[in-house]
């Protein structure tokens, strides 16, 4: 099932996201939801049997489904008709019975988003590993600490890498907290049709809830109360993805500045011809950082759209806010996966000009140690006491801070093998 | 040249935008820019001749170009190589000489955006015409004026249509003010390579400017100073498109509320099976308004991204902000075109339940005329004076306000035949 | 210390937030940070003693500090000068030694934000309690389930209250996850000046870290590595506050719709003259829901600004992004506190018209049970089987879903006594 | 009338906006609206006379009005009661008769926004004048053209100033296009109460429209149809203000980069102690650019909130979207005025290090002229032809482009004396 081109002239690098959140992937995920529900119906003896839905819809059906989606407001009406028409066996007629289209749309999206999160987490692992190496290797690599663009006090590149690492781990923690919940509630979140099918008055709805729990389990998702117009789980995904692009954006900003020729402390990894110019043969543009910064700029408003859709939710299903989520999640999901891959490549191959860092810092040494002088004078010490300290480079607590970041990373990495 | 599916499961109705701002359209527009520049070079005698670029790149080239776009940071490097390789004639080697990739990317986008604006304007015409009819036909159709959700004073549906119309005309005015400018500045906006090619010292750069002006004219675009990092023309497009989705969003909000069964004053046009439910056979959902509201919710953050990209512009070409514009413009452009078409359909077929409007208003008549009573008492008039006025329905200046809106619309329509 | 008016013509209800995040509160919090640091210096024997900073700066100093803040880029330079000038005792000269202004600005903001979170959590408790009552009391209160504005299947108002409750608890969980971290890193996050003061080479920076940990503990904040340009903790606060306004916005949207006179199922609590009109004596506008919806619309873009500031963080201190956070956090913080209070009032006094809910549902009964009929027919049952079920009102699993929400709320309430 | 502190610890520099859009200014503007309407009523003979409202409400009334504004949903109810209570003469009882509170709120805001626009335009004049000087003075000041952070081809600082100027003029054009419209429509936009007061059936509403037109004229505002839920004029203000902050943000970004010590081509104007550090005596931080960038980052989401409020407008007055506009406009308005003043100061005193620009460019000369070499070789010329051209510095069309920008500025300046 392949139709959507997995590359995008408007978003270079898009192919890195592969099948994540393509139209085909969402379609396949929606079919998986119908399958899990049908299996749950059959497993509970409500339906006389199941039916295999594998391969029943193909990429070639997308255009028809998408067109029908406008008429129906979403693509499920057409999908169910196709599946019932094409499936064999006693369960065919039972497809989708008890569900509503939002159940299928939402749970399908959750499956796709979980795939994105899994991919991103794996990239974050690789980034954390690369940063542990950088932080450790460059723990004594003297460089200029810069605040408000100006020279402040000395740092080491290892410390900078450690603070990048802290940002990556914060983003990973946000991702780790995500709960991926199935949405199985029926027309208005009461599971009414499911209970009608179960037709077992004595259980007072309990069996319908069990059906939903069972289908969720088959999909490997958390079971939860229907959330058709309670969208906190959706906004949490957007926030976590944006926390990732924030962390990468910060790294990219540093790389872009520090790879300016006048500074020249960092250089992006050289790829085959990457960063060339259409007219200037000498140029080697920092393309990865540029594209990461692009993602970091574009992500927050998309996460904001999800919050707004949540805030405007109404009734038992929203007319508009819900529909605004789909493409927003797709863009945010794919772009986060693309940026994750680019960030890994950037960090894994980052070139550090240790000599230039030192030379620039030493050239600004009077400024960089002005604070030390003023503190020493304040404390009543002689200037030449300075040279007698172990911290001749005035690096403060850089060493234990680096150690702390590395230790935090190792713990997280071990917990996420 | 066709590859991108012109339908989108994630944005039902997407196919209404047809070829507007597809990858193929942008690619074709970029080729048109190269053609215009090459023709200008040849026309000025700088190049020995031109070459026809028509049909040299195809949809099948998109994947290769998109993949290459990540490496080069944009798709032009690969496009130029393809064109030079495939073109015949003395001009082939002159393709792109004097330009920079941002020139081609930006001017190509401007051509695409102009096509969107043309389409949207034509839909606005149809909407204005429909609203003139509604405002005129229902100038005396009594209905409840509602403020903060509660009954306020009487209005007519014609007046509501007239205020919708005012919003549409304001949006049209924003669109009319857009200038579509070519971007032709060379590597850093100096037209240095163009001047080098022209090699005519005496003109001190003037001939290079003439080349740019000539190419702009061939494309039917305004000639302007290079705007590589001065993006006001881009944000203006985003603002104008969003002004349109705002105006439609407001209409959609009214239709969604007034078509609630408990109110029932408006009904969306019935389409073939539109608005059906996967489980509830009786339902007729207000799908057009729902999808319009979706677009209205999602647009402002995208326009905001364009402003942000503008605000973060730096140097002679930006590393990231510029790149964030492309997909943002595509999404905003296509969605605006889709919504334009849906809004036309909604307004052209809107069903008005005149009797229900009147019945609801009359049932709330005591409330709706409470203001009248208090004003009359204040002015020292007797209650039964009211019945002697010509404005027994307390409609105030509705009539001249409707006339004013219709007159404004007619003027605009005549100016935009 | 009082100067800023705790009311705001531009944001009615602002006074509900009291002293939270006023200029005075932030100033007091910054003084508390300086105090904790000074005490830590003294406690560790680095400084010869502390000094009491209580009452040294007053509201009357605000104008001078604010004016100086432009010149210095932030208000700390002026504040430190004032404190050193006014404090008595051996510690006076030691004020701020070892810190940088961002340490004071950020940790002061964190203290203010924690106060907001505490207030909001207490309101969420009250809301959860009110919703437990509503969900339980109205577990059998039949009403129309509405999707895409149209009648779908029956629900009960208790179920609606239970889904509101679910949203509130999700927001509370987001709030509970927040970590309030002190920012104590010195000029470039190395704690260099602190180490210089400690002047104990053998500890290789360890004592400086201990000083920071000690000051954090005195403030009741978490100790963490410096996060001057790693702003995940800030964005998390914005996201959590917005998760709250989202949840309230959803409730407000339902109340606004359901209190329309044509529906009339809910009414806002009557307050002394609340909701009056300047010209229409009969009107009782849903003011609380209106103002809640206002907050819900305005919050997501502010949270987005925090993400953007995070993504654009650079160097060891950012030039611009960081500065954009302060007023954004203030607006978001105060408004969230205001909305929290309004939401509590709304939920605690919400009037439910049980009879009208039932009447509207019964009037739409054919539509509301169309799904049941089609499911029953599909399952091969006779229409009159329906009346034999215990679920004559077709409420599905509403009962266990309500029970589940109430149980979840009780657990959370017990955990947060 | 003064209470709101015209300085803000959370937004350093706020006092530059003076009285613009303070609570007092808005209150005064709303009183002016009531005055104009009352005068119009009296002038038309509808009211028996007017009354002077000058000085009737004071800053000390703000707290009471703001508190009452929550109850009434807006501050007008309380304001009208105060005015009627305190005014003398036959017109006192006629205050506000015929208006609705939204008329007063909106028209008052429009008056405040017009004041902001006037102030900003005057700053834009000063900036354009400064940039004309910079562009002209530095038309031959060689510097490195930078794209994607890397050296591209040579430019002059005059050309950079000219492109900054182009951005400023685009923003000014956006401001010039704004229409400031009075909002005078009565409870539901029908002018019903005004007509009732006029009580002249024969005119069929015409006299009410004349009253509105007359009041608008007294305020110096455009007369237009009521726009209670048609908010294009509001979003246009937000877009224009943001176009300004975009243009300044771009300048600030360039200054921040070019004033990095490793580049050192530009320096912010030295002010009395501006840019100092709390711990590092040598530092001179680029405070103006930092604060400008802050404004540029924070503005787009606010403009987006206005669009969203417009898109969500409903009925004859919106419940929530409208209320979200007020504080958003205040923040956007004041901040734009602050930034306008800071940008003027920055541009008027910008220090240009001509020698360092030249030295850096010459040091990168091989890279900066790589394009020239490749173009020359392509065109079949000898390398040493280069030295024979008048454009030995490969500056392309910089001269005519600078001339064009200056000419455009002069025309605009002359049109806006």
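A, B, C and D label the chains in the order they appear, each numbered from 1.
Just so we're on the same page, a contact is a pair of C-beta atoms (placed from the backbone, for glycine too) under 8 Å apart; a residue touches a chain by one contact, two chains touch by 3 or more.
Please read these numbers as outputs of a predicted model, since none were measured by experiment.
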item	value
Far-end chain from chain A, centres as C-alpha averages	D
Chain centre separation (chain B, chain C; CA means) in Å	36
Separation of mean Cα positions, chain D and chain C [Å, integer]	31
Two or more partner chains touched - positions in chain B	73, 100, 146-149, 152-153, 186-187, 193, 256-257, 277, 279-280, 285-287, 290, 296-297, 301, 304-305, 308, 312, 319, 371, 375
Overall pattern in which the protein chains touch one another (line/ring/star/complete/other)	complete
Residue ranges of chain B in contact with chain C within the complex	146-153, 256-257, 259-263, 277, 279-287, 290, 301, 304, 308, 312, 360, 364, 366-367, 370-371, 374-375
Chain D to chain B touching residues, read off their complex	73, 93, 97-98, 100, 102, 145-149, 152-155, 159-160, 162-164, 166-167, 170-171, 174, 177, 186-197, 199, 201-202, 204-206, 208-209, 225-233, 235-236, 239, 242-243, 245-247, 249-250, 253-254, 257, 293, 296-297, 299-301, 303-305, 307-308, 310-319, 371-372, 375-376, 378-379, 381, 389-391, 394-401, 404-405
List of chain D residues in touch with chain C within their complex	3-5, 7-16, 23, 26-27, 62-63, 65-67, 69-77, 80, 96, 99-101, 186-187, 193, 252, 256, 271-280, 285-287, 289-298, 301-302, 304-305, 308-309, 312, 319-321, 323-324, 326-328, 330-331
